[in-house]
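Below are two complexes that have chain A in common, paired first with chain B and then with chain C.
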Partner chain A sequence: MREAAVVSQPNPFQRIPGVAIVLVALIVLFGAIAPGFLSAANLSNVLVQSTILTMLALPMTLIIMTEGLDLSMGAVLTLTSLCVAIVSLATQSMLLGLCAGIAVGAAFGTINGWLVAILGIPPFVATLGTLGMAQGLSLIVSDGQSVVGIPHTVRDIYSATLLGIPVPIVMALVTYAAFHGLLYHTRFGSYVFALGGNREALRYAGLSPNRLLIAVYAIGGTMAGIAGLLMTARMNSGHPTAGLGLEFDAIAAVAVGGTSFERGNGWLLGTLLGVIAVGVLRNGLNLISMPSSVQVASVGVLVIVALFLDGLRSRA
Partner chain B sequence: MTDITKDALSPPRSFLSQDAIQLFYRLLAVFLICAALAMLNDSFLSLGNILNVLRQASLTFFIASGLTLVVLTAGLDLSVGANVALSACVAGTVIHTTGSPTLGILTGLACGGIVGLLNGVMVTALRIPSFIATYGMLWVLNGLTYWYMAGETLHGFPAGFRQIGSGYLFGLPIPVYLLLVFLGIGTLFAQRTIWGQEIYAIGANPVAARLSGIPVARRLLLVYAVSGTMAGLASIIFLSRLNSAEADIGESLTLPAIAAVLIGGTSLFGGVGTVFGTFIGALILTLVLNGMNLLSVSANWQPLVTGIIVILAVWLDMKTRRRT
Partner chain C sequence: MSTALQMAPAPNEVTATPLLELRGISKEFPGVKALDDVSFALYPGEVHMLLGENGAGKSSLMKVLCGAYKADAGEFFHKGEKVTITSTADAQKLGIAVIFQEFSLVPYLDIAQNIFLGREPKGRIPGTIDRRKILADAKRLLDMIGFDIDPSVIVNTLGVAQQQMVEIAKAISQNARILVMDEPTAALSDRETELLFALIARLKADGVSIVYISHRMAEVFSLGDRITVLRDGRRIDGVRPADVTPDQLVRMMVGRTVDMTYPRNFADKPGELLLQVKGLTSSSGISDINIEVRRGEIVGLCGLVGSGRSEVARAIFGADPTTSGEIIFDGKPISGEPDVAARRGIALIPESRKSEGLALLRSVGDNLVVSALRKLFPSGLFDPRSGQRTADGLIRQLRIATPSARQTVGLLSGGNQQKVVIGKWLAAGAKLFIFDEPTRGIDVGAKSEIFALIDRLVAEGAAALMISSEQVEICHVCDRAYVMREGRVAGHLARNELTEENIVRLGMHHA
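Now for the complex of A and B:
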């Protein structure tokens, strides 16, 4: 397994078929059976609803590239969303709310990184533990109730447009550009590839893999903080269960997007297409009036199939 | 990796005494928690509360005992809680439609077992890492259960059936007897049968296990199926105790079960741990949560505390093993 982990930029053309076929197949399928699916309004709706997931799935790609996993992301998003709601309600300032959300998210991300890198706890158990902690804190700070009456400056973020493009989409595009630049055009990005592919090489190069790993998880927490603002804006309230389970959609998007769980290879554009595929699947099932439970089960099946195909590819 | 092989190679006697010391610490923890709670709250030592703790611990134990076998093979089953919910709802429907508790119990066990078997197939035949495969299964089961129940609640089961979860025999709750039975079976199976020992071997070193002729895939299938079946059993106890079933009953069960396994000293890296340890783990966790309850700490704090306990347990385990 280790031998196959070559530190190299992935060749996108090898992978485009996988995600693209899934995405095109889903679009054709729902275009045929779901009334109104292909309308401009609905397609733009799919994109706007995918923005929160984009902000989780991109850092999740980096984390999975390090042979890690962050199961706490959804619960941390819930907590940061509540922090945004509570702080912006108390101070009437959206900016302070966002800062609080980012601070809490970054703190949780750093704790995750610390548990994984310094204590050496397997990532899925470490982040399962912090999932419980974030979920508990969400219940404690909100007392199990919704936080309502937040200032309209927060809510407006979700519905505002910039040059005719909805602000959430602008934020998602900026995030994508930032991650693309970070992963493919900075030294840090090369280190992230090396974290999954060849950690020894980093040590020989005089770098601290632990510190890099903490940074990767901290980025994940920070992004959950920013996504928390969008979540609060979208719901126009803070809710103690708002984001639970979203990490699963993020993992699904990454898996469908062709990032491998075992070889330290990642592909950001694949993740973006994976996010849209998950969004299309959920939206399409919604249009043919399938309950959200069926959507959840379908995403689960999607992940298992994607991982199975990934396993086949790695053996081929 | 190196310390695991060292553990496996070290002579069995020192292995045992090491386990004995670990067990001693855990029993000490149980005693200290009990002493502290008895001092802080008068009602802790009341018979009713102690029976309540045992009954609660038995529920966690049923889920965690099957999970222990999975963790012994260096795997993980994140779907147990969702499995309990689905099995409970299916069993509840069968009892309602046929009126036969026996049929319902059998369906519940079968449903849990089949889900476990599917997990095993994903891990062995499809070679998906267990934590991801069972995590996918968690959401598939969640979706299925919510779709199946469509927001309904099943309640009102025959009195005889309800005895399983809430009845008493010679002053002790019936789940406690079941706990003793399954503690015995689990310990005998893991320590005294060839299959049990093969499970330890697979966890300690899967390659060596395969090379020495152990049918690794078949043992793994068995382990995941047992974990699922135990989740099915827990669903029956749950159903008869609560006298109702809803789609969301499993959501708060997985983390405590994993916590019980890890507190009990079973190593996440496989090959080390006992079913009895898991029982102690379930007892410690239940005592902590019960204590919080008695000291009127809001139930909202429970996931936070359980999460911290999970991380602490893994960390302590890794620390002690690195030193030996």
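Now for the complex of A and C:
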């Protein structure tokens, strides 16, 4: 029997509209109804507040490209943020705090990868388990209390500027550049595409899909560690619910950005735009005094609208 | 096809040493002897056709060749030297590459990255890819095989034929000297087929040997330097195309031994018309299908795997949308959805009954009544005792070997699972049973019971449409048969014309 020819998929640039239309529409909407939304100070604020999510959503893109998921990211970020706070408080060193956060994050990421790759536990279940573990550990190390009195060097990271650009934005841009290079210009990046697209091809090329998969999840945990520093700096304290629900926003941003949950079809720039769209939405709703419950619901609507627009385009 | 005819003459095997030789290869699976003492020689620069019916052992031989299967017995010789092939890595080292029908490409990487996956040229920064070099290397390779395309194109945007070209480029880049192609033209248009043949001619001229599995007679004769025919896992003969006729090849392929008798009481005269399919075309690739089935008949639907048999069944059942044509069932037109077809009395008993026909973890009783719930309990309330009675009745009627209706279906033998599927449709009041490979995975004794059961069903006024790759079974059990080829009905065989040879003749591509 003759098979139908493979229907060609839109290339990444034909996909801009889904997420870009949504982003532009949101900016226009809140520019019109939210007082002060378009002020330079507020727009800068939106970007600064999007940096933590950027650091989670970029590795989440890679994980989703492998047909995986990491539900533990928010909880791991809470834990690493607490570690940063506790260690920097004890040693008075921001750097040691960061190292502690990265170590804990990388450990959790590696465990996630190991559970998924070696034990073959579905990513949804495996990372739900580590989510619980990270949440429990957060309550234990913090005793359920905020960790306050941390050195001002930590807090200063959030407010400092480099060449007039807020340091968090610089960090997010560096992260984006690093992920872009990693995904599109390294061998490892090619193998990430293959992990979701055709694992057999990797085996035929003599590569170990399992080790690559562990590495992808480990990168996610490591980034949660770095983002933990920013979170602690932002709140000027360690808080046992700091990262609550961030994995939801991260997955939403990836989905809004047009990365597919199948066959290794990912797009980093889309994820970045998706992060900003989520940030604009939350900021705008804040400005018009909507409670956070409405914000969560709105992010859900955002995902559906963006994917609907993509669906319309690909059918057209 | 003109390109194929101008190919270089085959090398003379009297003087040449075979590039690769297999001697006495055997491979057994539980209950099946897939390969039985098969020998096979491949000479440099030849296209060696592998011919045989479904299940003759072509795929097994191919998998032994590329190291995917480990042979139970037999020897391999590469350029006259004894070698072992126990893994795909062994095969790769000997320069053997398989062009899979299921492509081994990564959809969202570009052509160059796919060709050199795992062997990317290193860039200046550790871990990076030398982009300029990978594109240049790929371009050179693509030029070599005559495929004019930009190597930075994402593979997912390519058509089937172009992906196949990328696969071939990938194989060549790994210094493959032996290419194994499994029905490479099955998914190609005529124009694409010509390009592939031109490429094969070029590869041959470079001394690359090709093992080519095909069901199309025209290809076998225009492309092949030599033909090996397999049947029942055994090598029947090795011939040159010039020395045989298509008819002789067909005769070599058929003639499977019958190791059992099939019970069948043929009706004296056919019953009334139950199913009438007129000009049916569906998006799944079948076109202009005309079929009739009468009460009391078992009608065969044969042809090669992939000829569209299952697609016809799915279209009649409403599982695939039809684009044109008409299906008249029991005097009234039927269209649309599987639940409509099921309610009207059409039963589809799929090949993969584990995934499509049964809830394996539920009980025999639950499975038997699930399709009949609407009929048995019109009020919507389930009455366990009445359900139990129905299930017990069916277990007796169909002689299902189970300790009780409460037994988990997954624990029954294949034959008894098949009976549960039939019983389920019987309870729902089915009149037409469409069987897709009803005896697959069932042992010989159970086969004969299943056929006896089908025979009883049609004797009581039902009808059956039976898809089977087992031509012996079709010949013994069916009143008549339709033969499919490439999405169309290639011919109809009445009871007195129903022979294996005729089925194969109609099923092969002669054009």
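Simple rule for what comes next: the second predicted complex is superposed on the first by the 293 of 316 C-alpha atoms of A that agree within 3 Å, B and C clash if a C-alpha of one lies under 4 Å from a C-alpha of the other, contacts with A are read in each partner's own complex, and residues count from 1 in each chain.
In this section, a residue touches a chain if its C-beta (ideal position, glycine included) is under 8 Å from a C-beta of that chain, and two chains touch if they have at least 3 such contacts.
Not measured: the values here are computed from a predicted model.
Colleague: Pick one for A:Pro122: touches chain B only (first), chain C only (second), both, or neither.
Modeller: A:Pro122 sits against chain B, while chain C stays out of touch.
Colleague: On the A-aligned overlay, A:Trp114 touches which partner chain: chain B = first, chain C = second, or both, or neither?
Modeller: A:Trp114: touches no partner chain.
Colleague: After the superposition on A, what does A:Asp143 contact: first (chain B), second (chain C), both or neither?
Modeller: first
Colleague: Of the partners chain B and chain C, which touch A:Leu131 in the superposed model: first, second, both, neither?
Modeller: The first partner, chain B, only.
Colleague: May I ask you to name which of chain B and chain C touches more residues of chain A?
Modeller: B
Colleague: For chain A, which residues belong to both interfaces, chain B and chain C?
Modeller: none
Colleague: Residue numbers of chain A touching chain B in their complex, please.
Modeller: Per the stated touch rule, the residues are 69, 71, 115, 119-122, 124-126, 128-137, 139-140, 143-144, 245, 248, 251, 261-262, 291-301, 303-304, 307-308, 311, 315.
Colleague: Can you list the chain A residues touching chain C in their complex?
Modeller: Per the touch definition, chain A meets chain C at residues 1-6, 8-9, 11, 181, 185-188, 190-191, 193-194, 197-198, 200-202, 204-207, 263-266.
Colleague: Can you check the complex and tell me which residues of chain C touch chain A?
Modeller: Contacts found on chain C: 88-89, 104-109, 113-114, 117-120, 123, 127-129, 131, 154, 156-160, 163, 186-187, 189, 285-286, 306-308, 311, 486-487.
Colleague: In the complex formed with chain A, which residues of chain B make contact?
Modeller: Chain B residues touching chain A: 76, 78, 122, 126-129, 131-133, 135-140, 142-147, 150, 247, 255, 258, 262, 268, 298, 300-308, 310-311, 314-315, 318.
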